[in-house]
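The structure under discussion appears below in the form of structure tokens.
Each chain gets a letter, A, B, C, D, E and F, in the order it is written, and its residues are counted from 1.
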Amino acid sequence: MAQQQSLRPVKIKRKFTRSSPGSVLYQCGETIVLCTASVQADVPPWLAGSGKGWVTAEYNMLPHSTNKRKPRERGHKVDGRTTEIQRLIGRSLRAVVDLHLLGERMVTVDCDVLQADGGTRTASITGGFIALADALHAEFKGRPRTEHPIRDSIAAVSVGIVDNKPRLDLDYEQDFAAAVDMNVVMTGSGRFVEIQGTGEEATFDDQELSTMLKLAKSGIQQLTTIQKESLGKHWPLA
Amino acid sequence: MAQQQSLRPVKIKRKFTRSSPGSVLYQCGETIVLCTASVQADVPPWLAGSGKGWVTAEYNMLPHSTNKRKPRERGHKVDGRTTEIQRLIGRSLRAVVDLHLLGERMVTVDCDVLQADGGTRTASITGGFIALADALHAEFKGRPRTEHPIRDSIAAVSVGIVDNKPRLDLDYEQDFAAAVDMNVVMTGSGRFVEIQGTGEEATFDDQELSTMLKLAKSGIQQLTTIQKESLGKHWPLA
Amino acid sequence: MAQQQSLRPVKIKRKFTRSSPGSVLYQCGETIVLCTASVQADVPPWLAGSGKGWVTAEYNMLPHSTNKRKPRERGHKVDGRTTEIQRLIGRSLRAVVDLHLLGERMVTVDCDVLQADGGTRTASITGGFIALADALHAEFKGRPRTEHPIRDSIAAVSVGIVDNKPRLDLDYEQDFAAAVDMNVVMTGSGRFVEIQGTGEEATFDDQELSTMLKLAKSGIQQLTTIQKESLGKHWPLA
Amino acid sequence: MAQQQSLRPVKIKRKFTRSSPGSVLYQCGETIVLCTASVQADVPPWLAGSGKGWVTAEYNMLPHSTNKRKPRERGHKVDGRTTEIQRLIGRSLRAVVDLHLLGERMVTVDCDVLQADGGTRTASITGGFIALADALHAEFKGRPRTEHPIRDSIAAVSVGIVDNKPRLDLDYEQDFAAAVDMNVVMTGSGRFVEIQGTGEEATFDDQELSTMLKLAKSGIQQLTTIQKESLGKHWPLA
Amino acid sequence: MAQQQSLRPVKIKRKFTRSSPGSVLYQCGETIVLCTASVQADVPPWLAGSGKGWVTAEYNMLPHSTNKRKPRERGHKVDGRTTEIQRLIGRSLRAVVDLHLLGERMVTVDCDVLQADGGTRTASITGGFIALADALHAEFKGRPRTEHPIRDSIAAVSVGIVDNKPRLDLDYEQDFAAAVDMNVVMTGSGRFVEIQGTGEEATFDDQELSTMLKLAKSGIQQLTTIQKESLGKHWPLA
Amino acid sequence: MAQQQSLRPVKIKRKFTRSSPGSVLYQCGETIVLCTASVQADVPPWLAGSGKGWVTAEYNMLPHSTNKRKPRERGHKVDGRTTEIQRLIGRSLRAVVDLHLLGERMVTVDCDVLQADGGTRTASITGGFIALADALHAEFKGRPRTEHPIRDSIAAVSVGIVDNKPRLDLDYEQDFAAAVDMNVVMTGSGRFVEIQGTGEEATFDDQELSTMLKLAKSGIQQLTTIQKESLGKHWPLA
């Protein structure tokens, strides 16, 4: 099968705002997400006194991030898609954080989508990791490497089958046309954290699964290099 | 790696209530789910006039389904886990229904968990398919096979890695202890519909993924046989 | 006036689930209610430190309990009918429990209607008492009779005037046709706890009231016998 | 048994405000309720085209109606007690209105409690009837008696057992101390519309029931006379 | 420019209800507001231990206060207009209260509009001050003047430009027709507390602003005199 | 009185995103607001068929726009401050738009605060006008000037009294310390649209009012020049 191997161009602007220690404007193709992160002294009640911390995420699309304006989710319940995505981002970031080394701290990563052209959840994870690293750098700088709670990097990418061809990093149009859609979250060291493959009104077989996973792995490797370059001296795994 | 290959015992009671055309008390180990299904003439507004129908699902845990009573989700927003699960059930059932053949009908499958001991979402899909088949039998009986909207069967099972060993069909205790947890939804003909693998504060590699998928496949084949026997003459794929 | 004296057939299945100490599948005609009860160590804030306990109830109809599917009451406010019914069930059960002997315990009785054919609130009280007795048996077994908080049994039945005739234990169709509808809650020893008589767009006189109350009393006596037989050794008033 | 036969003093001020056709300041002892009524051309959707009208009521306590300020029921769900009361008021008023003669009109009666000293729901019914009569007078004046939709008058009163003595028209303190509390709604012609008797943590027997009902009947007769005098020429049953 | 200098007639009835220490039926033209005030020992959490108190207000229109019945704001969110108005009333009353002298007390002033004919928010402030003075009189009587927390009186009035003419104290019809609408809140000693001038789809210049402010000032002086006469010996600034 | 006459530095980046026709990143000192605007064919129901259009605004602070993370307003009601601000922005923009020339179009201007350091509501109005102009340019370009619905420009600025000195364009720290705080909205041609002056626990006199208004006027003139330069050929009033 012919494949689309390349990622869309990525642009990263750290310290986009000054009001939070991690603030990253992450752009991937025409998708733009503002990822900000801060650290609080309080942990959720169920962790109080445990010596462990927590990392949580919120995901939100600004109304004008889409061509047709999307109403805000306020004054009524948060929709299912939003909830699913922010739970995914939170789990993914926690997978590379040692919550005991983090100590009783609560990190919140906000992912506000300013412009949406496919892949907003994977952009939120990849950009969110950079914001997290910056926020934790402020807390842990000067400490030895072994006491820093980040133990690996994390990035995410979408793959899918469009017109019977596997494709990497789908934009909105491709995503809409895809028979199968899969989001893969992996660490910088090449281990899976999440695989979410879905055939909406379609199915897939072992062979297609295997090809999509290989494609995802190559995308994640490229994104890891980009994250490392962007963070420079703040890269927590040196 | 040593493996746990066997499913927990499954008991199925069709026509448990008379108020809906599909009504299945599905028990798998100590997990009990009441799956009911009905068909309405109205479709959601976005399908009106399209000639297509829709299948949707709702998932709910009764307060006393768990050892510690769980408050009802009423008077406030539905939690994220519930939303994720019912979206998954709906997508899974739709994957084997030809929505054009269904015509402008709305099928609602309710999955009310009476007792929870792990695997409630996969039990909801496997039992929900039987309720769906019964509800559609009432609508389409007498029609030729080619006009029946069900084009394949569907079932689901969990797999995971517990104490470094792959295991099939996890109960609550195993699920709690699992480093990696994966739900697999497959058709009776052996194609994937959904793969959702998650390492909460853990990761997994290609080899572990491959073992888990094989185990899941064998579980699904057993469940397909059980569904077929339970439905008897109502099996829609004869 | 000719009267309908007999109750609809009652079937009771105790220990229907294992996840709560009281779990009763109560069927009366075509009405089926799952009544479950559990005991918690916490009392509501206003009773903390008082030495007294509390008994509360929740009532819910499953979506497919009716022929036309009824949407769940979640994500928005609980409707007035539900609130009225669950307050009635709670008051009725509390009328036969000595809250001081109960001590600082909170008992919650959930009444989930699986199939509705009239009389769901009275079935919830009658079946709920059995679940309550089972749940308290687990807490108080081995204690002398004088320390057991249940001081009487409780049951409920509907009566009404349909086509100018008094009738006992109305099913849905009779209830719909009734000019006057009355729910009576009585103790096993024959004292009233609640009388709720309503003429929707109709009225009734002293004579009709008197006939309906007599009919209700005879129904309650039959239900008390059924409750006692079902509970066997768990009957708290031996 | 010694009895308290007399009602608390009643004061009625019609046309208290000008913005609605029925506006009655109803005072009974220290309980003050503002009952206002208006008529709209629209009926609820389920009556559209039926030729029938509807009468509905809303009940509300102003925050400072009680000695300890009671928070408003806004921004969150209406509590169960409020819902029960306003459903009772609506049913009671509908019992004396011929909805076919009313035609496709929607009457809303608002009962806002300005000061609460027991018996607010019965005051709302008794005062609400006067507001209703004034509002319908404006609509139907000049029409022959047989075309006026009001076919009887309606009033309500509480009775109870306090310190083992039956009592009529309980104030807040008596209501709080009552073992049994009963609200009786009757027509001017002496027929029952609603009986709601409740023993909270107490019970009652046939004899007590009978005494309470007699007492209620005498109270209703007095209230009917008061209503008739207050309405004067607007009395709809002349 | 010709001007409308006179206020609409004001009627004040103190002690309208007995359940709260401040209870004022304030009428201005056809606008009627029931202003009640009470004092609680609890302050909001952010003031606990500060030695300071708080004054807050709630504003509400009764459904039949308008000619077309207005639905209650319950069971859903409070609308923007209500929120704006009650924040304005609270700020205005706090401007004349020394929160340190008040001590850790919470004063709540409820303004329930019984009939609305323009100027309900300014009537709420002017009448609310009288209720506040009565409620604080009960708390501070007998204390020397220097220890009483009220340090000035407060009143409010509307002004506007209608048909190119400045007008004082607009009724509903004038308000509807006004190109510019301004609410002015001033102390009895002649200092501004709030100016809210708005041109909905219109604008105004310096000259118009100046004329409106003069008119407002004269209105406030008249209202201050009326407040003082009404409170008599309870006037806190003697 | 010594005065602070200068505005904080303003930076404007038009076309910040491509998904909406008006997209302006507006920075004023350390306050950053993303103002986006779009035009829809639908008007609100009350304008349907009127030939008139509408302009509305929404205001939102991103959680990390403040140093201490602010929770999102979703899943519960929008707070009063947010509601007040977005109503002000909407009214201000409508004051310079001819709704008849706009025709049956709905313009929505979203003001999302990315970083907050005082003056977010005035920045939203000043920046929102630029987004509005860009969005309407796309709709009306090529039409003669007399058919363009924008009839004036609009801008806003804050003034206040801090340490007894009048000050222009307050940052967060000055705003917090201000005894009096006033927001002034004016057209480019020098007419008032809104004046909102508030003394929280303080008051002000005629002289102070006059000084603050002069200061505001000079600020607005500078902002008008900046808006005109930024829009260049898109300036709608050439």
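As a working rule, contacts are C-beta pairs under 8 Å (C-beta built on N, C-alpha and C of every residue); 3 or more make two chains touch, one makes a residue touch a chain.
For clarity, every value in this text was computed on a predicted model and none was experimentally measured.
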Chain hops separating chain F from chain B, counting only touching neighbours: 2
Common touching chains of chain F and chain D: E
Neighbouring chains common to chain B and chain E, by label: none
Taking each chain's C-alpha mean as its centre, the one farthest from chain F: C
Recurring contact interface, reference B-C, options D-E, C-D or E-F [over half identical by residue number]: D-E
Interface residue overlap between copies chain B and chain C, same or different (over half shared): same
Inter-chain centre distance, chain C versus chain E - centres from mean C-alpha coordinates, in Å: 52
Mean-CA-position distance for chain F and chain C (Å): 60
Touching two or more other chains - residue numbers and ranges from chain F: 75, 77-78
Contact graph of the chains (line, ring, star, complete, other): ring
Residues of chain D that touch chain E when the two form their complex: 16-20, 23, 30, 32, 34, 36-38, 40, 58, 60, 62-67, 69, 72-78, 108, 110, 112, 114-116
Touching residues on chain E, where the partner in the complex is chain F: 77-78, 80, 83-84, 87, 91, 94-95, 99, 182, 187, 190-206, 209, 213
